[in-house]
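To keep things clear, I will list the structure first and then write my remarks on it.
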Amino acid sequence: MIHFECDYEEGCAPAILERLAQTNMEQTVGYGLDPYSLQAKQLIADMCGLTSDKQGEPLWRERETAGIVHFLVGGTQTNTVVINYLLRPHQGVIAADSGHINVHETGAIEQTGHKVLALPTEDGRLTAAQVQDAILQHLYDPNIEHTIQPGMVYLSYPTETGIVYKKKELEALSAVCKQYRLPLYIDGARLGYGLYSPEADISLKELTSLCDIFYIGGTKQGALFGEALIICNPLYRKDFRYFIKQSGGMLAKGRLLGLQFLTLFTDDLYRHLSEHAIRQALRIRKALVEKGYPLYMDSYTNQQFTVLTDEQLERLKRQFLLSVIERTDAEHTAVRICTSWATKEENVTQLIEAL
Amino acid sequence: MIHFECDYEEGCAPAILERLAQTNMEQTVGYGLDPYSLQAKQLIADMCGLTSDKQGEPLWRERETAGIVHFLVGGTQTNTVVINYLLRPHQGVIAADSGHINVHETGAIEQTGHKVLALPTEDGRLTAAQVQDAILQHLYDPNIEHTIQPGMVYLSYPTETGIVYKKKELEALSAVCKQYRLPLYIDGARLGYGLYSPEADISLKELTSLCDIFYIGGTKQGALFGEALIICNPLYRKDFRYFIKQSGGMLAKGRLLGLQFLTLFTDDLYRHLSEHAIRQALRIRKALVEKGYPLYMDSYTNQQFTVLTDEQLERLKRQFLLSVIERTDAEHTAVRICTSWATKEENVTQLIEAL
Amino acid sequence: MIHFECDYEEGCAPAILERLAQTNMEQTVGYGLDPYSLQAKQLIADMCGLTSDKQGEPLWRERETAGIVHFLVGGTQTNTVVINYLLRPHQGVIAADSGHINVHETGAIEQTGHKVLALPTEDGRLTAAQVQDAILQHLYDPNIEHTIQPGMVYLSYPTETGIVYKKKELEALSAVCKQYRLPLYIDGARLGYGLYSPEADISLKELTSLCDIFYIGGTKQGALFGEALIICNPLYRKDFRYFIKQSGGMLAKGRLLGLQFLTLFTDDLYRHLSEHAIRQALRIRKALVEKGYPLYMDSYTNQQFTVLTDEQLERLKRQFLLSVIERTDAEHTAVRICTSWATKEENVTQLIEAL
Amino acid sequence: MIHFECDYEEGCAPAILERLAQTNMEQTVGYGLDPYSLQAKQLIADMCGLTSDKQGEPLWRERETAGIVHFLVGGTQTNTVVINYLLRPHQGVIAADSGHINVHETGAIEQTGHKVLALPTEDGRLTAAQVQDAILQHLYDPNIEHTIQPGMVYLSYPTETGIVYKKKELEALSAVCKQYRLPLYIDGARLGYGLYSPEADISLKELTSLCDIFYIGGTKQGALFGEALIICNPLYRKDFRYFIKQSGGMLAKGRLLGLQFLTLFTDDLYRHLSEHAIRQALRIRKALVEKGYPLYMDSYTNQQFTVLTDEQLERLKRQFLLSVIERTDAEHTAVRICTSWATKEENVTQLIEAL
């Protein structure tokens, strides 16, 4: 059976395991304050163009619990910690109704006391106009304090539906957020699969400048596990490490995260892994189009979406694991086909032949 | 600098890294439902003497979200998930005031809405009598519903102070819990360092029969990370996986946990690693006693505690990292000296010579 | 200015103030355990046809914190306490998207950790079919534990839109809830305005038999404040008083609530007050229809809804306070006109003339 | 049976009921924005010496949800709302271990996610030194983010043990709070019984200047119910009304609270009621001392504490309801004797004779 149902079914880029083995018996302090983690944090801050506030001061000031870059174990954890950090108890988070936090995290956001203010979307993308409308609707409510105050905006880049926001769209969203003083948080679980897509028109530094917080996904992008959180806006750094610890997200052997991200950002490995996945996805996309399969979402990232007849689905399921999205009618099913950094070229060839 | 300040400063038992490397490019389903995780869960349930409720049924029934064994990433996360699962909103958890959940988890328990009902102890050990007193005090309160209802008991085996409860003590605690219908949960972050201590008089199966839930620590016992949670009492299994996911504790590549515990419980590796740490700790203990250092706690596990003069502390700090517990008076400091599965014999020799 | 914008703009039925004055200097114990509260609770339990579990035992067993009837101060508080009581942390509450808990309580439900699973409705009424669909969608989700488990159903009788469910509809909802083991909770903030509507076809006892918990609103129905909660299903009584106290909802001078409900349920006062409000509302409804105003909602309860042109709205606003619902297009506004137990007949006459 | 066991066993000062009756059928808007509430808020702000930020602007700016004075229904509710407002999720509240929030509110603070950092006291009074110690202990913790950050200080004036802080003590506490940027919150459930005690050396305006938030209790001081919260520090006013609504604390008929406090602060009624209670309490105190009863707490407020032999307790219980505090040894019991605004002089005479 060949898996195409998600992008976390193998282990990690072999270079990571090698690095873990090389350093295995070294002794380092815990909780992400070891030299490897600090080095990785500095590297990522540099990549993002984030410089120190004061001359000569280290970038992260970890000992004061207020760094620029933090490592966490997984995506749900990262989303929960960030949103719980940013919101006050009477505030909610604006998100697309298909957003991961709204549908696939067992109400983790609500568990911390906050409502997800879900807005309907066509393809998983929020627009600046609808965010502004939601804010204004609240502001003009005659019983304003009887409703949840929008406190931040959450979006995924790329979206859960494989779409990359255009720079213009992000600029507009960023402008609305700034105008109404709402922090903008970008879930980058698949950031590389977005940034290196042929449809993307934005750089990592530009992304950094448009939002307040975002994360660079590791789990789906070649690491064993781990996400690198970047706090672009110094307003949101104070005491952040308390929140990580409180949520159970502070890994005792924090260097495991540092070492992984160091490896991913050495010799452009992260980019190469991302591009590999995209290349394989685009081969599938091309085959779908050529063979007349409808595109359920118009994605140029590692996730491809199509609609299959029952006969097609039955046939493909014998060889391949795909991910079912929904029944679109009595005889058709929308499915997701996922590639990753680890997808084998020959497996894609087999899939294409079987389509 | 040689580290003795805690037991999570190296990577992992080399056999684990080998196993990760061997299986690295295999494709498996996520979230702990892969064959390695299922195999590890079965192995652990067998070790604990937990058999299936119904003939022929698999032990964990994971698809129904209600297994016997679950893997989580870290200790704070495990404690929070278990306690949040067991308590109703009006209930609190009885614990020693030195308990990890009361002092070193940034209020993670309170964050889920529950008070820690902390009881004073001499050496970190709760007694059955004081637990019963706390329960009775609540039951006879004329305004009973104005105070928190004790809803469960938490203890660590061994304690944070390195002490192992005697079987008799655990039986008495277990009996009180049963009498008042409170689940008993044992934090086994260092379970092996307790079970294989010369002072221990209890087996894994006996421990299983005396409590409702406990965990076997991996992070401090030779794994990269990970804790194996065992739900002894079938009453507390339903829907457990929802809680793991909601807390951000469900690892996407769950097999990383399964593979680690499979390795630890193959060829008695977990026992050997534990015994190594204890052996080194007892060498230090012997040296402390012989050289006239006072024992701050009377521990036979991997944590040793003594009191140093300022001069002694200053001298040792040049070569060794120790963990400061508290100033005991104007000229003395209590410290912890920690060994682990990874402690090098020659490092202990150096420390002994330096004492 | 004459108020028609809501149903809590006057004080209370004069008989209540008299009773408070008569008993003012009596000494009674606090927290709802005084003789007046106990008498009122018994009276309400009798009205609902709820009998004691065991022969000769008092109905409420207050000292064990587990009564059949409880008094709370307000509606948001009552909803929050009940829902927080009924749900486990991984569960959410199914409600109409227009439900009070979803839109007008500042996320009080989410603050206790629970998602509102909001379903779209035409007129504020949930249907049994859509509730079942929502439950089945969860049950058949391949990643079931990644989504919130439906844990109960909330509905308002009458709805926030003034509609009364038909007995058949409630029976169907009740049956679905029973089938899937979900408690059904009915928000009766305006219960009397529903039960005594000409469209209603259900008695208080029938309502009691169809749901697990409901409340009889006092605040909007002639009391100064206060809601009477009835726990029909004995499964949901244990420890309930802890939840009231924890939420800050346990009134020190609890007799104020007992005395009010005693008065309301003496000489059918509650019914008479309700019928007065409905009668005045139906006068308005008749006038709206006769004068050609569209009915925005087809209500036979104390809330009437119509759509006004800008000119009409402007004119009416000079004399009357109405409640704006929404702009329906560039020139029209939907408004609510509310009567209550205190609405003066001559004020309604004035409004009708002004229409 | 004559009640001395608490101070909320009668209704309210008769003038309040009269005022409610006079205004009963008036129509006013809800939620505390009616003219009576606004007038009462202004009056209280004036009494406290709190002036408007900008010339000519109303003091409370209610429409922006950010007033100086708010009315809530009860004490537990008020404490929960304030503390949840002031703290961030990783912070806890410093309090005396006998503090009401620590022992008599069913963990309401923990339910909102926050730990009570309880400090031991002799007589219910915190000292500036111990507060500073607790703060410094946190600041110098090497794993600072693994422990709860002190985020505010809570104290009761008078304490639950009937003691009034001296001005000097409050100044010292206030200074520590300012130095470490922690808001100081004073629970004034019995404020009048403290401020007008012969031992008190502080005025309402001085109290206002020493803390950030406090409340003037109504429930125990002559109102039917209700507490007046004063936010002295403008930093803590923004969005406060959201928190009241979210907690279920926003009374629909808010004027009931406004009218009560208007009445209490007309013609010095609040002061006269307080002084009556204190006078009766001091008669009891004098009798206790003269007859050789030990004083369990040295109180000059409306709560008196003594220790009774079993024989004495048995005898008094036939005529009087007292409040049992604790068994002090096998033959003695500490009890509280409580007077209030409503205590009858002849009842106190009877008690004194029976002692």
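Going in written order, the chains are labelled A, B, C and D, and every chain counts its residues from 1.
Simple rule for what comes next: a contact is a pair of C-beta atoms (placed from the backbone, for glycine too) under 8 Å apart; a residue touches a chain by one contact, two chains touch by 3 or more.
Since the model is a prediction, treat every value here as computed from it, not as a measurement.
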item: Chain at maximum distance from subunit B, centres defined as averaged CA atoms; value: C
item: Chain pair, A-B or A-C, that carries the greater number of C-beta contacts; value: A-B
item: Distance between the centres, which are taken as Cα means, of subunit D and subunit A, whole angstrom; value: 48
item: Chain centre separation (subunit A, subunit C; CA means) in Å; value: 42
item: Subunit A-subunit B separation of Cα centroids, rounded to whole Å; value: 33
item: Residues of subunit C whose C-beta touches two or more other chains; value: 89-90, 105-107, 111-113, 143, 145-146, 242, 245-246, 250
item: Contact set on subunit B toward subunit D in their complex; value: 89-90, 92, 103-107, 110-116, 142-143, 145-148, 324
item: Contacting residues of subunit D [partner subunit C, same complex]; value: 2-3, 6, 8-12, 14, 17, 20-21, 23-30, 73-78, 80-81, 105-108, 111-112, 219-220, 224-225, 242, 245-253, 256, 321, 342
item: Subunit D residues touching subunit A - in the complex, by the definition given at the top; value: 31, 65, 84-85, 88-90, 112-113, 143-146, 149, 239, 241-246, 250
